[in-house]
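See the structures that follow.
Both complexes below contain chain A, partnered by chain B and then by chain C.
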Partner chain A sequence: MEGMATTAPAAARGRSRLRGGARLAQYAGFLPALVLFGAFFALPLGLIVAYSFWETIDYNVVHHWTLDNYRYFFSVSTYIHTMWATVWVSTLATALTIGLAFPFTYWLVRYVRRGALQRLLLVLVILPFWTSYLLRVYSWLNILGDGGAINRFLQWTHLTDHPLSFFLYDRPAVILVLVYLYFPFAVLTLYASLERFDWDQFKAAMDLGATPRTAITRILLPQIRPGITTAVIFVFIPILGEYLAPQLVGGQRGVMIGNLIVNFFTGAQYTRGAAAALLIAALIVVLLVVFRRSLEVEDAYRA
Partner chain B sequence: MSITEGRLSRADLLKAGAAGALGLTFAGPALAKGMRIESTTLNMLTWSDHYANDQLKAVAKAVGLQGRPTLFSDNADAYLKIKQTHGQFDIVSGDALWVPKYHKDGLTTSFPLSEIAASKQLYSLARTFPFWKDGSNYMGYPFSWSTVQIYYNPKYVKVKPDSWHALLDKKYRGKISLENIPTDMMAIAARATGAKKPYSMSKAEISRAKAFLKEFKPNVLKLASQNNEVVRALADGSAWIGITNLGTDDRVKDAGGPVVKTAYPKEGTIGFIDSEQIVKASKNHDAFFKFENSMQQAKWIARNFITNGRPLFNEQAYKILVNTGHGDRARRQYYNEPENALKMTIKGPAGDEQAYVDAFNEVFG
Partner chain C sequence: MTSPAAIRLVDVSKHYGTQVAVRPTNLEIGEGEFFCLLGPSGCGKTTTLNLIGGFVNPSAGEIWIRDERVETLPPHRRRVNTVFQSYALFPHMTVADNVGFGLKMARVPASESRGRIEEALQLVGLQEFGGRVPGQLSGGQQQRVAVARALVNRPAVLLLDEPLGALDLKLRHRLQIELAQIHRDVGTTFVYVTHDQEEAMSMATRIAVMSEGAIQQIGTPSEIYYRPQSRFVADFIGESNFLDVSTESGTARLEDGRGVPCSVNGWQGGTRATLMVRPEVVRLFTATDAPDGAIRGRIVQTSFLGSETRVAIDCDASDAPLTAAQFGRERIAAGELTPDKEVALWWDAHDAVLLPIQSSEEEG
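On to the complex of A and B.
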């Protein structure tokens, strides 16, 4: 017994070491991702953070620690105003994108038979990805411009005798193009969520007297909430940092914060640009924390 | 495990991936070395109008030197990239007074212009710019030049806008297009408000320039990221006025647009004289001369003029243009009058770039 008593803890220690080794081995698979993430994300992000606290003097990034870049950003009303404009443009564009994508995906999943047609429609949704982002934005110049398709149609139908210029180079044009650009992201995310939904629950609710609207709001939406949240994240966050669409179709009135950041970088003001970019990143982190709860599906029924 | 068994465990997958990665890591340098034997690649930090893709291909075929361009829009951006990347680039394009700045700060190296045989094809004036001389050496190879002036569509703009202040007229609301280059826009505002040195304004002068831009802002249709967007806006009629380089009238016409006329503001204007420079930290100095000699041949420069419309410094190319029926167009763009390049305020680094960019952003944000 004594012998057993002395060998048992040793064996336990051995097993524990083995388990510890096995546990480490489990994580070994993450090493390449860790290296990649560290070298190409964490390290550059660290550099950006450092830059944002340095200053630029005569085209030199000088390593003097300062809060000036942040102070400057908050002391000039233009940046606050442009930041808010960016947030509301992003919010509106996201709401419109999800608002359009949800009914389409609902119809696709519920009413189009699984098989070739559904696959074809999904392919059509992602078809724009086969061309470059730049081309997709440029194509809107041909649609919305003075000599574009809409104006030609209006003139052809004699609804107007001269081109109407309000379609392009303003915020509505930016929102329209952003909705077009991010619609496929929303559809794909919602599709993945709706496809897994058990429609029998929906039918059961209807059998028990729920109206279609009640069934959607009380049965469907709570269960696919993580999908909707993911779609919102996939659409809202990239839009927040958009630069090219407002640059090409937004005109002087469609400027977003990304455009001002680009001006800092092209003007070699890396430290100011880094601070502004980090403020957007901080906003995104805050939003992700807010959204995080919505990604927990069990919360949907907790109340 | 055999592939035919159709089962691949996670451990096997990781092992296979790790083996593949190791293989590529070790084989990579050898493969790259093998590729380098065929041709040397010269990394160029440049503007899109300094080369054509077929030109790069032809040069690679002829001299075995492959140019790999990376684009930039503002000189300040390129300057800082060269400063931070050391020898990653071999060639950098630069404007007028940026060239001595690069050289003074030890980022580029001067060279005898005669090392590039094609320099004999240049106008003699282009070989003697005092601000590019470094003893008997030259700091860059002269490429092209242009003033930045007003182009207007006479269908909508009835009175020739011969002053920067004419562009503040409310009837041009949302009808002016220009390139989004903060430093140059501030310099134009400096000319409009009478600052003595547009690229070295005092705080008070910056403030006046900013006030001018504030008044000007409602008339701006868009701040274009590339010159071709200004051309497009003039061509499709969405812009009535463009602030842009020489040759825009021809390019608008080529794009199927209306006749646009040029106007030189009485307060004067800014402009560029640009060049190709050797990056000091580059390991391909010898290849630079061979490459540039091939790139700068008159036939390519003549084609560049047809495409981009602004004058270049290659005199032999002008003769080609005349002989091929493009003489009128070349003369209209002052190709044969390179001395005009010295009459404008040439581009250079701003005394306080941060103040310039801040002021610009505060107006256009």
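On to the complex of A and C.
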């Protein structure tokens, strides 16, 4: 008896040590991701944070702690103006993208039904991904530009005798291209959520006296809200940081905050660029927290 | 029927392209009936229900709900409510909000609707559950919420589309009793779709047996069971023995000319027909005390089922073994019904039903 009493805890200790080792082994899988994440995300981010509080003197970064970079950003009205313009261009482009993607996806799921045609349409939606992003934006220059498809058509029909330039190099062109670029993301996200919806509920709502519109607003939309929120996040946040599309089709008037940041860095104003980049990042974090909360409310509802 | 029918279908049909879902159908369902549409899957019963509910538009014909012609009205304008097979409860709303949805759509004042919601939940025994969401309820409770959600609107007719299909057998039996009870309590006309003949028999006041888009027979459960008008109905409802016979000189005769007990009133002599006899009316005799003319055979299998024992008998009167149901335990205990025993079987003439021969095309 006594012998057993002494050996039992020892055995248990052995097991727990073993389990500790096993636990470490479990986490080993994280190691590559941790290294990658640390070296190429956390470390650079730390550097940017540090840069944003340092000074640039004669194109050299000097390790003087200061808030000047942030003060400078908010002292130049063009920057503040561009920041707000970026927010509303992103908001409008996101609203238009979701506004186009939702009816399309709704139609795809409800009326086309699962089958060869639905698969074909989904493939068509993601088909643009097979072409490079740059090429897709460039192609819009050929549609909207002076020698572009629209102008050539207008001249051919003699509606105008010289090319019209207002299609390009302004915010409408930027928004158009952004909607085009992000439409597939919105469709795929909404599809995942609409496809799971039980359409019998729709029938039930109609049966209980709801018009189709009421059935959509009271029954469908509340249930797919997490999907819509996800779609908004997937579209809005990348658009907020867009650089290439406004650069190519936006001209001087289509500038977004991403272009400003690039200008800072090409002008060797690293510390000011870092501050601007962090301001955008901060904005995104704030928005994510807001969206996150709306997601959580939904989850709590379901449980 | 003196009062206007709750539901009347006049030459209603539905086809999708060349595919016929419902053949031209005439049907009248009386006020307060518990009416079952019964048939195998694909027989058109659910389409018929959807025609009444407004989820499917008829290709031709008139649909009347009480004294209103409705075939062109959308579902939300018809005085019917539906209990769906999947229940289709709204998962993002509480039970009380689910039940109150129809009242909200009808703009019933909140003060009145609160009382009606409570009343409806009480009817289905869920008054404690108003604050929960459907995900927190069991299948049987969800089914009751679906019934309450439909009945709270006081529809002219309640449509039920296989509402117990997703539940296990015990619960299904309990809810059958509850549904019949609710039907008696509220007095609303129920139209109930099912493929389960036992479910239909246990609840319905009348049953319409459907197959291949057409109603084969309408009647009370006992009429359908004891007086089927076609081999399909006899085969679909309960178990039956079928014998090929022809009517000659006042009785039904097997191919070899032996007479079997059966009334041939209304049948022309020399007509080939199918004789149907239920297992429970078949009487079994030992080879020695069999009456004259009884069909003789040999037991191939005896299945003890608890309340009854099924005996399959191989005999020369039919290709397939005939089945007899035995209810007493004495004969089983005495070993009279073991396989390979020689037995004889017989029945009373009024227990046999003569049916027209079904062409092979119509089968299946």
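Following the convention adopted for this analysis, the second predicted complex is superposed on the first by the 262 of 303 C-alpha atoms of A that agree within 3 Å, B and C clash if a C-alpha of one lies under 4 Å from a C-alpha of the other, contacts with A are read in each partner's own complex, and residues count from 1 in each chain.
The criterion applied here is as follows: a residue touches a chain if its C-beta (ideal position, glycine included) is under 8 Å from a C-beta of that chain, and two chains touch if they have at least 3 such contacts.
Everything numeric in this text was worked out from a predicted model, so none of it was measured.
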Three-chain arrangement built on chain A, chain B and chain C clash or fit: fit
Chain B versus chain C as contact partner of A:Q223, first or second or both or neither: second
Which superposed partner A:A101 touches (first chain B, second chain C, both, neither): neither
Partner chain in contact with A:M206 - chain B first, chain C second, else both or neither: second
Which superposed partner A:V76 touches (first chain B, second chain C, both, neither): first
First (chain B), second (chain C), both or neither touched by A:V137: neither
Which superposed partner A:L279 touches (first chain B, second chain C, both, neither): neither
More chain A residues in contact - chain B or chain C: B
Touching partner for A:T214 - first (chain B), second (chain C), both, neither: second
Contacts of A:V255 with chain B and chain C, given as first, second, both or neither: first
Chain B versus chain C as contact partner of A:D198, first or second or both or neither: second
Chain B and chain C, minimum CA distance [Å, superposed model]: 30
Chain C-contacting residues of chain A that also contact chain B: none
Chain C partner contacts - residues on chain A that touch it in the complex: 198, 200-201, 203-211, 214, 218-219, 222-223, 301-303
Sites on chain C touched by chain A in the complex: 53, 55, 74-76, 80-82, 84-86, 88-92, 101-102, 105-106, 133, 135, 149-150, 153
Residue ranges of chain A touching chain B (in the complex, touch as defined): 28-29, 32, 56, 58-60, 72, 76, 78-79, 81-82, 141, 145-148, 163, 165, 168-169, 247-248, 250-252, 255, 260, 263-270, 272
Residues of chain B touching chain A in the complex: 10, 14, 17-18, 21, 72-74, 76-77, 79-80, 83, 174, 180-183, 217-218, 220-223, 225, 229, 232, 236-238, 349, 353-354, 356-358, 360-365
